[in-house]
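What follows is a set of structures for review.
In the two assemblies presented below, chain A is common to both, partnered first by chain B and then by chain C.
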Partner chain A sequence: MSDPHAQRPEDKSAVPSDQTTWTRRRFLSRSVVALAGMSAVAGAMSPLRHLDPQDLPSLDEFLQKHYKEMTPQDKEQVFARITQSVQTRFGVDATVSDPPPLEDVEFVYGLNLSRCIGCRRCVHACVEENNQSRAPEIQYIRVLEMEKGSINVESSEHHYDPPLVPNPDKYYMPVQCHQCAKPPCVKVCPVEATWQEPDGITVIDYDWCIGCRYCEAACPYWARRFNFAEPQIPSEELNPEVGYLSNRPRNKGVMEKCTFCLHRVRQGRLPACLEVCPTGSRKFGNVRDPASEVAYILRHKRVYVLKEDVGTVPRFFYYFDERGSRYREPMVEKSGAQEGTG
Partner chain B sequence: MKKYLTFLYDCFRLSFVGDWRYHLWMTSLTVLTLVGVYAYCQQLVHGLVTTGMTDQVSWGLYIANFTYLVGLAAAAAMLVIPVYVYRNLHLHDVVIFGELLAVAVIIMCLLFVTVDLGRPDRFMHLLWRFNFPLSMLTWDVIALNGYLLLNLHICGYLIYCAYCGRRPSPLFYVPFVFIAIVWAVSIHTVTAFLYVGLGGRPFWNSAIIAPRFLASAFAAGPAFIILTLQIVRKYTRHEVSDEALLTLRRIIQVAMLINMFLLVCEIFTEFYTDSAHVASARYLYFGLHGHRALIPWIWTAIAMNAVATILLVLPASRGLKLLNLVCVLAIVGIWIEKGMGLIVPAFIPTPLGEVVEYVPTWHEILICLGIWAVGLLIYTIFVRVSVPVLAGEVTYQRRAGGPDRERLSTSEATY
Partner chain C sequence: MSSSSAGGSQVRPAYWVAAVLVVTGAVLASNPLPFRSPVSDAVPVPASATDTTPVRRPKLEPSYQVAVYTYRCSDCHAIIAQRNPETYRAATQHREIQLEHGINTSCFNCHHPSNRDVFVGDGGVEIPWNQPQLLCAKCHGPVYRDWQHGSHGRTNGHWDTSRGTQTRRRCIECHDPHRPPFPGLPPAPAPHTLRVGVPAHSGHAASHNPLRLESVNRDLPPASAAP
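Our next item is the complex of A and B:
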């Protein structure tokens, strides 16, 4: 940059200006400095020309209210805009839903550690259902391959990749958002972009999040993910049934997380990770309903809560089985449940 | 009002006047700033993927620098307390440089937080739904901006009074000076609480972080001031007595001793207990499962801080050369310790036991350098303007009255 040379001759004429006359030379030298300065600034800001116009918030988006402050009319407009933007981004006609929490329902999730075979089908079903970015990869569920004789996550293997699972010497522990009753992520958010719904699901308003990642630092279960780049999803893989608070496509620069497939479970369906599980290790339901499976498990089984000591009171728990345990009855001969890891 | 605008205009003009060294310095800083702007524009386009941060290590160099700089802003308080509380007049004439430093540094802090945001365009959401008092980040927003305003007011008022040629009325600034002292302690405490309050991060979840933060801040801040004052003394006609520097040395001495003591307490608690929660500390000091990225950094920092502390205790550090060395050691040592040493290891291993290391990218480093350049630019202008104004060489009367104008331009030329 030419600034130093352009500025140096200036020194002599740099006396207070009202006294000196504007000679031609002075005018020229000043112009050169100003021009050099302006082109340097323009050069520095030149990468902005690659900014996708889609990235820039429109006035409506800029003025969009927080989810909790939206009137039904506001919501209608916002949902129409989302449909529009999904159409432009992916060429897909999406339907935006926003099912409200059900009365007297509190969702909890149980995972049977005696049965899980670590096939990671839940991980991939989740990615497909919830429109996570394929590049860079974002996954809500992390399956840990655990050492027998220990339940310490620090000795676990995150990136196990054998041709066949389960490894008879290991057991598997999938971890995802625990939907804590005392969520530290909600507490720390400076703008209330994340909150706990009445049915116990912690959600994010992706249009309100400022991307400070404080919640990610606060989460003891490493359950939150940040969109470091613009999420890439092939159009044909996009799930067009999208919920405002759950699986609608996100933009770069915001947080996202597991919502127990809120758009499904509030309409009587089961989470995608549960539906795909070949071993029946996953149980989901309304804990306030004493007849529910999860209520039964909590009453009768041996239950383990991961990191109970951090006091966040999770709605996700692990449990153990005597009968049906893959350690009692090897599943190898029984079914085609054995799968290469994905 | 007209007078105030004239004041601002004069300040603006003064900031362009200087000898070739001044121009070279300012131009280099401007170039660095623009390089930073360039890197930041790329980050805006591509997202934070241009940084070395990941979901595993979700805060890096930006937040590390932010944390360190909050500490540096303490410099002001450490100059103010001796003067206004203990009536130590050696420092009286230099207090303002501390306060100006605080202003520049807090601006840098705010910039570092802003570049760390994924969606800076949604900044206004802070005003709309402010999660106060639950989120410590909202406390920090109040603490930092409040401290910025307090110091802007104090410095601005004193300098403007000098410009108008009238005595500053104590009523308009002394109460604020005392509020600023308490506030200075609060910015460190609140910033430490940002980290300390997270139960999922055992490395941070310790009561010693806040006091250690204060101790290291009260060492690094005055160390920076000692170096600055000598530059001011060399290149301007502003008088800075050796006593003032030695008073600051005593402050650093005590602060460094406390800092080292707290370090020993921390290390003992972690490693003697040797519980599962020691993993992050083990990663930092000795490496974990073959991952050793931070070891050279932290041991350099500890060595620097230890040498600085030993030298400070020896009478030899009353000599300015040695004192300057001590200051550089303390500034760099604490930068590593409060930056890379405090922020990064808390994320390693992750809460699920995964070890992913963090290496900043060039983008990130250039943005950081750019923000440092902005801070130095602002601070240089502050010092450049305030020295002649406070010395009574640039005043409204002189500007209005005819004959003095000649003198003004000649005196400016000497800076």
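Our next item is the complex of A and C:
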């Protein structure tokens, strides 16, 4: 304890002499250290040479407002810029639309579990319609192959790949965004980049999202996807009819999700996943219209809500027919089965 | 410790720091571990996976094609004498039709025995060829009810019929009337998202590489060669 105290006077006497006298040796050694330090910093920064100035946001993009705060003039400018950026990125002339929510419309989806055969047409029609990244692969719909007699998603399988579906011993449950009435993903967003529209569709302002992925963690249906890498879409496969809140090309680092094909359904059309479904298992419509298909289903069918206990109040309803669907009967090995029994 | 540093080496510059920095800078600038994206190429998706046309293209008129000639059903059936009204087997014509419709094993349960250009309803009522749902409704009442309300069967076009047309697909655009169960289809490509891992319980884990960290044309051998 007393030793350092005793050395202080010696130190003090040595320091001033060091600082005042700049010898050649001292100058050179310090220069070498400084140069080495700078070169190390330059080396550490060297990956920046791969940075493309095109990837940096422009000042306009940087100052862009939240979707809800944009004036019509702002939107016009933003849409023009999106058209321009789609042209630069993909060489495609896109038309940006932003259809407003319809009056007295609340969208609801129905899916007939007795009829779905698990062919995954919906998955790929969705990718094509909504300009998801092909590599890395982003898909909004996940078709779960479920054990018959069970609703345990833990034991489901979504990598099934037999030559023909359906497997008569399984049933298939496609899962996508349930457009919850109480969406936990909206609740957790720290920057209000995602919100629920009056027609029930939960949307994202891709330019406002900071990519924190809280919403992905909050969603009990794994309906949200994150762009870990720059989305790659072949130019010839790009859907040029893009909606600001739905299928415009996304950037790296933002979340995206199913919007029930907002740009289609707000113009009265049916979602792409429904259009392609070969079995007609998918039903869509305005639940406030008592004559709609979905209203009939909710009134007359046995309806099942996935993870009802988590309290998200989904707008996506699974339903069943009175009898099991006919595909459960063996079709291919019919003659063989008869021989076996007879 | 304190006594040794305070003793002799306190003013000597640490030249090794400079050396380490220079070496570090050189190593970083030479980029010894270039970034290699774990993302491999996109999986090709067959065009059939996004085809919105119905699985069947039935003819909704009573025509029959022989070589380049198109006949109406009655063209032949008017001149062929009706021998057995309960026939269930095609002897010479229509050999391609295999009737596997459950307990419905007779042609004239659906086809009209005397007017072959129409179907037969209850009590011999004629059902036009382009209204097959009325025929199917004879037996499949609940399904017909669901079809009428839209909970069974395909709908295409617009959900809002005030803004566009809507197509309700009829029974035989999905079901073969002679073999009604919906046919099995080859599934479209399975997901390969980065988020998911190899399912531990499945037997095909060895042949399946959902992460696609290494595709077959890269340096690692394909995963299917493992077993």
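In the analysis below, the second predicted complex is superposed on the first by the 304 of 342 C-alpha atoms of A that agree within 3 Å, B and C clash if a C-alpha of one lies under 4 Å from a C-alpha of the other, contacts with A are read in each partner's own complex, and residues count from 1 in each chain.
As a working rule, a residue touches a chain if its C-beta (ideal position, glycine included) is under 8 Å from a C-beta of that chain, and two chains touch if they have at least 3 such contacts.
Remember, predicted model here, so these are calculated numbers, not experimental data.
Asks: Between chain B (first) and chain C (second), which, if any, makes contact with A:91: first, second, both or neither?
Replies: After superposition on chain A, A:91 lies in contact with neither partner.
Asks: Quick check for you: in the superposed arrangement, does A:198 touch first (chain B), second (chain C), both or neither?
Replies: neither
Asks: Please work out whether A:240 is in contact with chain B alone, chain C alone, both, or neither, and reply first, second, both or neither.
Replies: Neither partner.
Asks: Tell me the contact category for A:40 with respect to chain B and chain C: first, second, both or neither.
Replies: both
Asks: Return first, second, both or neither, reflecting whether A:285 touches chain B, chain C, both chains, or no partner chain.
Replies: Only chain C is touched by A:285; chain B is not.
Asks: Which holds for A:221: it touches chain B only (first), chain C only (second), both, or neither?
Replies: In the superposition, A:221 touches chain B alone.
Asks: Considering only the touch criterion stated at the top, classify A:51 as touching first (chain B), second (chain C), both, or neither.
Replies: first
Asks: So in the superposed three-chain picture, is A:30 touching just chain B, just chain C, both, or none of them (first/second/both/neither)?
Replies: second
Asks: Residues of chain A that sit at the chain B interface in one complex and at the chain C interface in the other, please.
Replies: Shared contact residues on chain A (touching chain B in one complex, chain C in the other): 3-4, 7, 14, 40-41, 43-44, 46-47, 136, 138, 142, 158, 225, 228-229.
Asks: Quick one: in the complex, what on chain C touches chain A?
Replies: Against chain A, the touching part of chain C is residues 2-3, 6, 10-11, 13, 15, 17-19, 21-22, 24-29, 31, 37, 39-43, 45, 49-52, 54-55, 100, 142-143, 146, 149-160, 162-164, 169, 174, 180-196, 199, 202, 204, 208, 210.
Asks: Would you tell me which residues of chain B are touching chain A in their complex?
Replies: Residues 13, 16-17, 19-20, 23-24, 27-28, 30-31, 34-35, 37-38, 41-42, 44-49, 51, 53-56, 58-59, 113, 116-123, 125-126, 128-131, 134-138, 141, 194, 197-201, 276, 279, 346-347, 349-354, 405, 408-409, 412-413.
Asks: So in the complex, the part of chain A that touches chain B is made up of which residues?
Replies: Touch residues, chain A against chain B: 1, 3-4, 7-8, 10-11, 14-17, 19, 40-41, 43-48, 50-51, 55, 57, 62, 66, 136, 138, 142, 144, 152-156, 158, 175, 184, 187-193, 208-214, 216-222, 224-230, 252-255, 307, 310-312.
Asks: Considering the complex alone, what residue numbers of chain A touch chain C?
Replies: Per the touch definition, chain A meets chain C at residues 3-4, 7, 14, 18, 29-30, 32-33, 36-37, 39-44, 46-47, 110, 112, 115, 117-121, 123-125, 127-128, 134-139, 142, 157-166, 225, 228-229, 232, 234, 265, 267-270, 274-280, 283-286, 292-293, 296-297, 300-301, 319, 321-323, 325-327, 329, 331-332, 334.
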